[in-house]
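We just call them A, B, C and D in the order they show up, numbering each chain from 1.
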Amino acid sequence: MFGSTYGNTLKISTWGESHGKALGVVVDGCPAGLSLCEEDIQVFLDRRKPGQSAFTTQRNEGDLVEILSGVFEGKTTGTPISMIVRNKEQRSKDYSEIANYYRPGHADYTFDEKFGFRDYRGGGRSSGRETIGRVAAGAIASKILNQLGISITTYSKSIGNVEIDYNKLDKDNILKDTLYMPDKEASAKAQELLKEKIADTDSVGGIIECVVKNMPAGVGEPVFEKLDANLAKAVMSIGAVKGVEIGDGFAVASACGSENNDNFKIENDRIVKSTNHAGGILGGISDGSDIVLRAAVKPTPSIAKTQSTVNKSNEEIEISIHGRHDPIIVPRAVVVVESMVALTLVDMLFMSITSKMDDIIDFFKK
Amino acid sequence: MFGSTYGNTLKISTWGESHGKALGVVVDGCPAGLSLCEEDIQVFLDRRKPGQSAFTTQRNEGDLVEILSGVFEGKTTGTPISMIVRNKEQRSKDYSEIANYYRPGHADYTFDEKFGFRDYRGGGRSSGRETIGRVAAGAIASKILNQLGISITTYSKSIGNVEIDYNKLDKDNILKDTLYMPDKEASAKAQELLKEKIADTDSVGGIIECVVKNMPAGVGEPVFEKLDANLAKAVMSIGAVKGVEIGDGFAVASACGSENNDNFKIENDRIVKSTNHAGGILGGISDGSDIVLRAAVKPTPSIAKTQSTVNKSNEEIEISIHGRHDPIIVPRAVVVVESMVALTLVDMLFMSITSKMDDIIDFFKK
Amino acid sequence: MFGSTYGNTLKISTWGESHGKALGVVVDGCPAGLSLCEEDIQVFLDRRKPGQSAFTTQRNEGDLVEILSGVFEGKTTGTPISMIVRNKEQRSKDYSEIANYYRPGHADYTFDEKFGFRDYRGGGRSSGRETIGRVAAGAIASKILNQLGISITTYSKSIGNVEIDYNKLDKDNILKDTLYMPDKEASAKAQELLKEKIADTDSVGGIIECVVKNMPAGVGEPVFEKLDANLAKAVMSIGAVKGVEIGDGFAVASACGSENNDNFKIENDRIVKSTNHAGGILGGISDGSDIVLRAAVKPTPSIAKTQSTVNKSNEEIEISIHGRHDPIIVPRAVVVVESMVALTLVDMLFMSITSKMDDIIDFFKK
Amino acid sequence: MFGSTYGNTLKISTWGESHGKALGVVVDGCPAGLSLCEEDIQVFLDRRKPGQSAFTTQRNEGDLVEILSGVFEGKTTGTPISMIVRNKEQRSKDYSEIANYYRPGHADYTFDEKFGFRDYRGGGRSSGRETIGRVAAGAIASKILNQLGISITTYSKSIGNVEIDYNKLDKDNILKDTLYMPDKEASAKAQELLKEKIADTDSVGGIIECVVKNMPAGVGEPVFEKLDANLAKAVMSIGAVKGVEIGDGFAVASACGSENNDNFKIENDRIVKSTNHAGGILGGISDGSDIVLRAAVKPTPSIAKTQSTVNKSNEEIEISIHGRHDPIIVPRAVVVVESMVALTLVDMLFMSITSKMDDIIDFFKK
């Protein structure tokens, strides 16, 4: 059954394999009249591009996006926006070996079990390159949010056991930083850690944090299409993510109600919360505070260190995965998390428009 | 927009408010020929019933289910199964006070922001009683899984800072235990903790763990309808859940690739994994190992301890919430997590049936 | 897979069998703040009620609706609205005979083929009583349309070969007329025809016409969620409907472009069409003219006249279906067509709200 | 809101404008292991290609398809199949005039009302070229049906008032015939009619008929996802279609029950129907007989004959639409109807797989 289509109102369909001819996305349901050009998309795609530092793969992939439909004279027309990124390298020789065995931590085995065989070149559809479609669509969603005054900041909160210090948080550092960390000192330490891991032919995981500002209250559809439920799905659908939390997240488990509850107060004649343990969502609906979300990202499964596994002849073998693999997934996944959050927020903002009969009457009376 | 409908193939629509006339669910898409009676549902509902211990509310709600359609001569007919639980008490006097202020940690404020007003009686639709529909539907999903040889075990892994010891794990204790813990010693300690919290007019959170056995490999639809993505949504949609993790979850952030990867090996001529850090899911597809999932549950927001908040006249006030409130949500949420997992597994099992052309040809050749 | 859930934004789930305990519907996604009471629903249900004339079945079914959720203090709350109609008679003796053979023109055979067996009592889920859920939901949709100034008029256009004369059209006659015809003379002739058919132990079909006034232009989502496409699905999903047409419908096949095109002109400073061959829909989007739709309804398949068929032992037999069956389905289906049209219009009006970026910015700036 | 995505299990997303860079489709949910190459698609696309006869536009569009993903070593992989057709001509000069006025019978006005502006080049998204995506996807659906032994025959039943004679029906003539008619004599007469219409600067409509053979019984999901309901939506979503009927269709309105009911009988030990007034669908579920469907197609709205309309300055003007326009839409729409029917049948076949619990148990026991 289908699996590459996402969203209830703004629907995206991503497609493409790591070493196929191209990858892309169709964005169906984008409102008409949004200014949009390829540069808007490219800025986002460049944030996930490899070859930008010592810690990301050195392939020069380019990943230039082309908009094929849905934009006319610089504005979206309301019809589907098709975007494509051609793959420059389609050589399969580097990957031919993996056709016959199952890499630990990868989806080789499960794809074979599910589909009977797989496009093994570079991981095929289960490659990180799959996220190109998500990010291209996310760039559009971010532009829509921007028009509504909503902003998202996403960064590496921790790399291995190196965590940022919130007292030293400098948001301007994020996009300049090779690890997308908002704390230069933590980044320096994390870079040391990564050098060690490279030397040790190993890899490491980390945590990505995402903060949404100016989200209006009232967005989210109880009881299943809650804002947090859809954010959890959106972020957990990203390849290496193994956990998602909102606000205090897992820390609530050992907190008391009197600590965890956020009191309401009046500030500038408006109702606000004194604290934000809830991460901006109460009862699955945005409460007007910052939305705070974290994703746990596993270490890169492709490592040169020797590993045991089996091949398709059911023989136990030892392998060492060579090639250009990042020792850390986190930095390149930052923009993917941001994209999935942006897509979900836009979808749920649109869903929330019909909450009140009075608003609907106003809309059609115009 | 709609929000109380869930599932792609087996679709459920839950309805009902805490103090309305009734609550229930329509299960649309259940295959024909499944033996089903009200007792199957009641067993599940009784697991979430209040009044069963010192730590759950003492209302005698009964919560007797009636099946209204979709079952004929003891078997499901393939048509929608409608189930209803009448509310016995509809007195609103106990709750009238909360109509005018916003309880911290509750959805009072966000419902008002979203819908313009709310059914304030007992929390209305945002009450925990909303889960009656989920659990009734979950009982059917569990019966389907049972027919396929798949079983789910769910329990309280921690209550506050009291955690179970896996060395003392006794699954037979779960359903007997007042806190649904599989470790009697941990349960005894947790009960002590809860008594302290009750004395302190406070509440506490915890973690629920869910283990699925005998899940076939190959279930999950990359890249958005991944098994883990849908499990995350399903579980995060439950009222008090603030975090979800699969397998090692947040611990992967500080692990190395060489530690986190699960090697494949041959056991009884079958490919299996040596470890299960991945929690039974690789690339969003089940890998044949146990599926392991955890949910972080926040402390009960209704506490008698004095709290600051605001009322609908935008005045800052102090409140103390009295009434019959559990000091812990976790035990009653165990069966809700299990129900949401069961519904998601069935949905995704059904979705996976069309993965291979050969299977489809076989099916229709019969 | 699910089949009793309908709609993209306003989602309904109907349930119930002819001779089960009850029938009903859950309406998920109705905006908050709509005045609603049981009488609003009952008025619609009464239009499909049997026993109202010589030509409809004489059972005294009552069909009193109860609203179980989603309404508080006389207004919808934005949460699911559950409605139920208890079946008074559940005697199955009248229908036991049909358990063993397949009635021509009925779904007995296809239900058995699909599900392996069927609830044979009164046709089970394939009975016309299934439409109770549609009509109860349609009453809510109609109320929403009414708030937006949109009205629907639906009537019997023809009964057998007796057709209304548009020159004698009297809309006030529709609800008073035993056949829901807007032309008294035609109705008188049709009643004569029906008496003949009853005497002849036979039945007859007809055409239902539906006219929507004041529909705003711009509603409908090309290229698959077009307004006409969804109307066609909605109406064709009704039991006895075998054809649907919009505007001139099948007559366009023999028309010339110069005849069929509707010219635009200026009237009161607004752009309008000179004619309405298109039936109010151009390119799948409403054009501001009346929406005109017709449905072809087959003759009642249950007839006392002797028919050949087979039983479950694969024997060829002759049957004569006795009991209380209408000689014509059309009049009671009028309100069902209107309900399905209303539900579709509301759904598509809601879908159209996010067509323009400027409207969305305006909405959230409030 | 989205509108270019179709299907419940096999989901397609089409995109592209008449004079944009390209048009295409993403097919999400195609099972793995289906042999597929570009030639399979091209054969279908060539059936809708213009320039093939005196009665279709003379542009040499080529319309060569490229498969960009989802196929590996000649077989579908189960991941999304992206297909693209580049537009050769993107000159907008031929169409610049229509930017300022509303063509009668076209969607110019409704697109402007809905989206605020439109891509006016060649009709943009409302052009018949939009169907390229449908047909490319339909080719895949047809291949799947072919594997299941199901075949579809689609042809022009009537052109204007010229109708085929079923006694002279020659299916082998369809693909050879310039008008896709299965009756050479009727085709010759229709060609005469078209020459007259061309001379008269006018156009004409017609009826397309579609017959599905070997459809298994039991497919269709009551009460909304009925097979006929979805076929009606699928076909009505095609640009020029104004009516859809199943089996006897509108003729049932004047038939008696004793005429319209199809008796069951035994043939070769199997239950079959003696006649097929129902067109292969009973109660929304396939009954094993041929599925018969007809679509009414309106005359080409672009005619050189002078017409009145208004421009964007709200002035009434007279226009004459020149350029390369077919005098008849029907022949090129034949493959579009077939494609939409094929997509719907595959979708509903897949949906029907989970009808019986026993089948599901068998499937997973393998």
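In this text, a residue touches a chain if its C-beta (ideal position, glycine included) is under 8 Å from a C-beta of that chain, and two chains touch if they have at least 3 such contacts.
Per UniProt, the chains are A, B, C, D = Chorismate synthase.
Here the structure is a predicted model, which means the values were calculated and not measured.
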Furthest chain, CA centroid comparison against subunit B: D
Higher-contact pair (C-beta pairs counted), A-D versus C-D: C-D
Where subunit B and subunit D are represented by their mean Cα positions, the distance between them in whole Å: 44
Whole-Å separation of chain centres (CA-atom averages), subunit C against subunit D: 26
Approximate Å spacing (C-alpha centroids) for the pair subunit A, subunit D: 38
Two or more partner chains touched - positions in subunit A: 1-5, 8-9, 14, 29, 32-33, 78-79, 114-116, 125, 221-222, 350-351, 353-356, 358
Subunit A - residues contacting subunit B, complex: 1-6, 8-9, 14, 102, 104-107, 109-111, 113-116, 125-126, 130, 134, 158, 160-161, 197, 202-207, 217-226, 228-237, 239, 242-266, 269, 271, 274, 278-279, 282-288, 296-303, 305, 307-310, 314-316, 351-356, 358
Contact footprint of subunit B on subunit C as seen in their complex: 1-5, 7, 9-11, 13-17, 20-24, 26, 28-29, 32-33, 66, 68-70, 72, 75, 77-82, 84, 114-119, 124-125, 350
In the complex, subunit D residues that touch subunit B: 9, 29, 31-34, 76, 78-79, 144, 147-148, 216, 221-222, 349-351, 353-361, 363-364
